[in-house]
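Have a look at these structures, which come just after this line.
Each of the next two complexes has subunit A plus one more chain, namely subunit B in the first and subunit C in the second.
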Partner chain A sequence: MNIVRGILMRRETGIALMILLLCLAVGLYKPQFLTMNQLRVIMLLVPLVMIVAMGQMLVLVARHVDLSVGSMLGLSAMLTGMMFRDLPQIPWGVGFIVAIGTGALLGLANGALVTIFKLPAIIVTLGTLNLYRGLTFIVSDARQVDRQFVPSAVKAMSQTSPIFGIPWIIFMALGVVLATYWFTLHTRVGRQIFALGSNPSAAALRGVKVNQITLLVFSISGALSGLAGIMYASRWGFVNPSNTGAGFEFQVIAAVVIGGVSINGGVGTVPGVMLGVLLLGCVAAALPLLGIPGTAQGAIYGAIILIALLIDRSVRQQGIASLKWMRA
Partner chain B sequence: MQEVTPARPLWHVILVRPETMTFVLLIAAVVVASQLSPYFLDISYILRSFTLSAEFAIVALVLTMVIIAGEIDLSPAANMALSACLFAWAQASGIPMPVAIGIGLLAGLAMGALNAFMVIALQLPSIIVTIGTLTLFRGLAQIIAGDKSIRVPDWFIGIDKILVFGIPMPVVIFVLAAFVLGLILAGTIFGRQIYQVGTNEVAARYAGIRTRRIKLVLFLLMGLVAAVAGMMTASRLGSVRYDLGLGGELQMVLMAMLGGTYIFGGRGTILGTFLAAWLLVVVSTGMTVANLLPAIQLTVLGVLLIVAIIATNFIYSRTQR
Partner chain C sequence: MLKKSLIALATGLALSTGAFAQDKIDIVFIGKNTGNPYFDSLTKGFVEACQKIACNFEFVAPATAEATSQIPFIEAQIQRGVDVIAISPNSPDALNQVFDSAREQGILVMTVNGDITGNESHRDLTILPTDFTKVGADQVEMVGSLIGYEGEIAILSATTEAPDQNFWIEGMKEALKDPKYSKMTLVATVYGDDQPEKSTTEMEALLSNYPDLKGVIAPTTVGVAAAAQVVQSRGIAEQVKVTGLGLPSEMRDFVKDGTVEAFQLWSPYNEGWLAAHFAVDLKAGKAKNEVGSTFEVPNLGTITINEGNSINTQSALTTFNAQNIDEFDF
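Moving on, here comes the complex of A and B:
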């Protein structure tokens, strides 16, 4: 009985039920929603959000927030795309190193501002959100990197498949998810992130190197945004300075908070975030079938964030003491 | 025992404060800008440039009070868009103008109330709540307006063309708003209580201050003022689109931060934000005159935000005790 009860009480079960209900409801109304083709649509929508959401989860667990993910994605994608364009003889694998490295450096800069100057992450990343977006325009001279410059091997990752017709980028997203799962549950540093987010002063007294962990989570968030950047180039085949990753932060934050990551830090699971991303993907895929215009997406993300906050609060009230978030 | 530090000399109190930094930067910006273009010595040119950011500046004044009270609101730019869209949609579908304006204002108030409800009644952190409502409001505006722009009647257009003693109307409204809010913040019991709430909310509550009511008033004021600003923008642009004021939250937060408002609450002045608004206008107009791309201007604003908050924190850490 206790095991059943334990499963039912889990946050992940709730999200899984929501996904199931959503799919059933939409499927009853529009049977074509429950086809393999539709599954493919959803599966191609989610990998980018999935990867960035894993980084955002770590940042939120450490009691910070990263608003600059979309701009880091854009700048990494742009630099990688320009390298492909200007140095065509370079092997395409180097693109991954450039994209991930750029992202990690940008994330490290966020983390350095937060730790060295003791600034709230929200303001720092609101600044770098605009700063990095502006840099994307500057380095690219406001020009798009067109389809013919992205190596076909990179574009193929979104189309060709090693097995079962599932494209490579989904396996890459899955790899990131598994790695994050292992990292958060089975490494010392991973656990220290949770300790830090639950109670920063206690964590510091217990010997957790607060500054290093903070730098680390921001760098990971940046590196994963960079990885998503080259995957963006793979998925869409071009990199545009104004569109690439713009507004991405809201999708990612919506997915992460609906996935049960507490905004007060210290709480969050990889399966929960994964389900949160899938839920968002299902919603995005269901909209056109239901005849709801794509313009409604923004409002839905906003509503999801608020609903997730309400759920978060009702869960928190069941015993976990509320913590003051910004002044900690 | 902690050592008693001697009281700071008067010059120190007056000079070492963020507003002084803002003022010095403002003078420096004007000097540099006037080297770029002689137009900057023409006051009417600066006034005309100011009308482009006047709406954000007005909202930034209220945002300053919200930040001093220890909260933050990132949603006002989206609020401006949604209330302006509702207003424009209402009058375009034949509802009489005064009613349409009423709808816009009420919508703004309702959005402020939603933020207040989530933050005060449900005790959720304002930072995440307003990221959520920012997305929600902008999304609703997009649903209402779609990709089209809604025109407003001809007589409603052109608030920035109305001159009062040669000063454009939006600037007059901004100066008046700064004066009134400055008086409230610095000279009334309510104003002082805002500082107390932001300095230490628990202590303020024990001291008998109705902290929730103060925050409620501030969030409602924020919603109302954002709606007014939205309609002023509609009047200036002549039509309303869902992306009205897009990204305005950066400029608003930047004005408050450049003016020396302490991000953790309890410190800051309307005077600082007032000066910072002018500083920002001179800087961005200067960049436009110098033919910098809008994207580069975005970069500069991002850097300014980070530098401003570092400098402000530094000054406060020097003067705290």
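Moving on, here comes the complex of A and C:
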């Protein structure tokens, strides 16, 4: 009974059920939704959001928010793309260092503004959302890095790998998910992030280094956005100053919140966030398949996020109620 | 002593630059949005023309291609007192008033690469890359020749409200009525919003929903590249032929590896080149902005002003394929 109770009480169960129901419902109407091809489409759609969502989860758990992820992704991708274009003699692997390093520095700057000046993260990152996007235009002279300049090896990472031909970027996303899972559950610093988010003043009194933890979560969010930046270049083959990463924060925060991370800090799990990202990926792939016109897709996407949150809430409440009934 | 000579030098400079500026006209080109590679090539046409003839050139553009985002840019150029505003309008009607006030100041207003259809009286003339009434038919012929004039085809467009896209799609539907294409069926028109992610999911959905699909026309540079990438990654270039309007710089890889056999476009460079030459000739009195009048443009020959004060830089679309794609550097 304890196992059943444990499963019913978990938020992840609700999201997993929703994914299952959604896939079955779409599959009934459009059987081609339940094919390997469609799985491939979804799996290639989610890795970037997945990676950035892991960083965003840590920021939200620490009771902050990072709205600048899309712009950090864009600026990191642009600097990396410009390096590929203007300095082709440099090995492409260096691109990863440049992208992740740029992202980490931009994230660190967010964290510094939040800790040193005691500014609310929502305002700081709203500012840097625009600042970093503007810098992307300035450094690139508002010019796109074209497909021919992105090394073939980088583009190939989104197409295949020696392991069953599953593209590398899927393994990278999986790697980041596993690393975050381990970090949040099995390291001292990881647990301190939760302590800080649950009760900042208590955490400080118990010796949690609040400023250092804050700097760390923003830097991780930035570094992962940077990694997603070079993956953008890999996946789409170009870097555009206005398109790359634009509006990305919306998808990421939606997925993280659907995944059960509380915007009030202290609460969130890696499996939940992973399922949240997958749910949004399934929706994004299902809408065009159902032939829903582009003009309506934005509205439907938004509505589904709200419905997912409401269903999740009532499922959990009913789960708790039925448990009380069973006990009685 | 030193001070005096400095003043003399400064006055001399001021005089000479003043005289210089009087000879040259100021042209500004307002693009749809910044970071759009299409406009790099168009701008290059202006820049290289103004290195040879009497004009100063500047390119500005808003961050996003929204209907009203160009208004502050036009107002700023009116304040600056430029001679010519060339613009790729983001809206067919939102700019009417600000165009009127520019023209009251004696500024020549020309739309480039897209017109304000239905509101032509608010601009002086338009320079279009080709005869837009033929684009739809040319694209249908292109896809027809690739699939042997038989089978299901689909259209992957940009946004649902884009005026040029809708005009071309109408042209395609009209052309498909020709008995020559009687064995071709248009099964769907979908919209990728000119975003790579959305264009990709729409293209994937087309392939899933229509397993017998033979050809896709994407008359938008973002869409055609995204469609080609999907076909490339699924390895189905033999079964599904992708074509449309694309930039050689973005399509080169796909043509070289055989994913795309051929696609079309015009020369954005020539639009800028022609616009600068016309503006300079008009201000110098060498050309007239009258329907039927002609003028000479180096490399392009004799240009005629058509009905509705409209100029086409080329009469038909250019087709790019493996044989010629390396000849184009945009």
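Going forward, the second predicted complex is superposed on the first by the 294 of 328 C-alpha atoms of A that agree within 3 Å, B and C clash if a C-alpha of one lies under 4 Å from a C-alpha of the other, contacts with A are read in each partner's own complex, and residues count from 1 in each chain.
The definition used in the following text is that a residue touches a chain if its C-beta (ideal position, glycine included) is under 8 Å from a C-beta of that chain, and two chains touch if they have at least 3 such contacts.
Worth saying up front: this structure is predicted, and the values here are computed from it rather than measured.
Chemist: For A:Met231, select first, second, both or neither according to whether it touches subunit B, subunit C, the two together, or no partner.
Modeler: In the superposition, A:Met231 contacts neither subunit B nor subunit C.
Chemist: A:Asn243 contacts which: subunit B (first), subunit C (second), both, neither?
Modeler: The second partner, subunit C, only.
Chemist: Let me test your reading of the model: by the given contact rule, A:Leu289 touches which partner, first (subunit B), second (subunit C), both or neither?
Modeler: second
Chemist: In the superposed arrangement, which partner chain does A:Met274 touch: subunit B (first), subunit C (second), both, or neither?
Modeler: Neither partner.
Chemist: Going by the contact rule set out at the top, does A:Pro120 touch subunit B (first), subunit C (second), both, or neither?
Modeler: A:Pro120 contacts subunit B only, not subunit C.
Chemist: Could you look at A:Leu310 and tell me whether it touches subunit B, subunit C, both or neither (first, second, both, neither)?
Modeler: Only subunit B is touched by A:Leu310; subunit C is not.
Chemist: In the overlay, answer first, second, both or neither for which of subunit B and subunit C A:Gln144 touches.
Modeler: The second partner, subunit C, only.
Chemist: Regarding the shared-chain residue A:Ile220, is it in contact with subunit B (first), subunit C (second), both, or neither?
Modeler: neither
Chemist: For the three-chain arrangement built by superposition, which of subunit B and subunit C touches the greater number of subunit A residues?
Modeler: More residues of subunit A are touched by B.
Chemist: Hey, what residues of subunit A end up touching subunit B and subunit C alike?
Modeler: 137, 142, 241, 293, 295
Chemist: Taking the touch rule as given, give the residues of subunit A at its contact with subunit C in the complex, in rising order.
Modeler: 30, 32-33, 35, 37-38, 41, 45, 137, 140, 142-144, 146-148, 158-159, 236-238, 240-243, 284-285, 287-289, 291, 293-295
Chemist: Show me the residue ranges of subunit B that touch subunit A in the complex, using the header's touch definition.
Modeler: 70, 72, 74, 118, 122-125, 127-129, 131-140, 142-143, 146-147, 242, 247, 249-250, 253, 257, 263-265, 293, 295-303, 305-306, 309-310, 313
Chemist: Can you list the residues on subunit A that touch subunit B in the complex?
Modeler: The contact residues of subunit A facing subunit B are 65, 67, 113, 117-120, 122-124, 126-138, 142, 241, 250, 253-254, 257, 263-264, 293, 295-303, 305-306, 309-310, 312-313, 322, 325-327.
Chemist: Quick one: which bits of subunit C touch subunit A in the complex? Just the residue numbers, please.
Modeler: Interface residues on subunit C, with respect to subunit A: 33-37, 40, 61, 63-64, 159-160, 188, 190-193, 195-198, 201-202, 204-205, 208-209, 211, 225, 229, 233-234, 249-250, 252-253.
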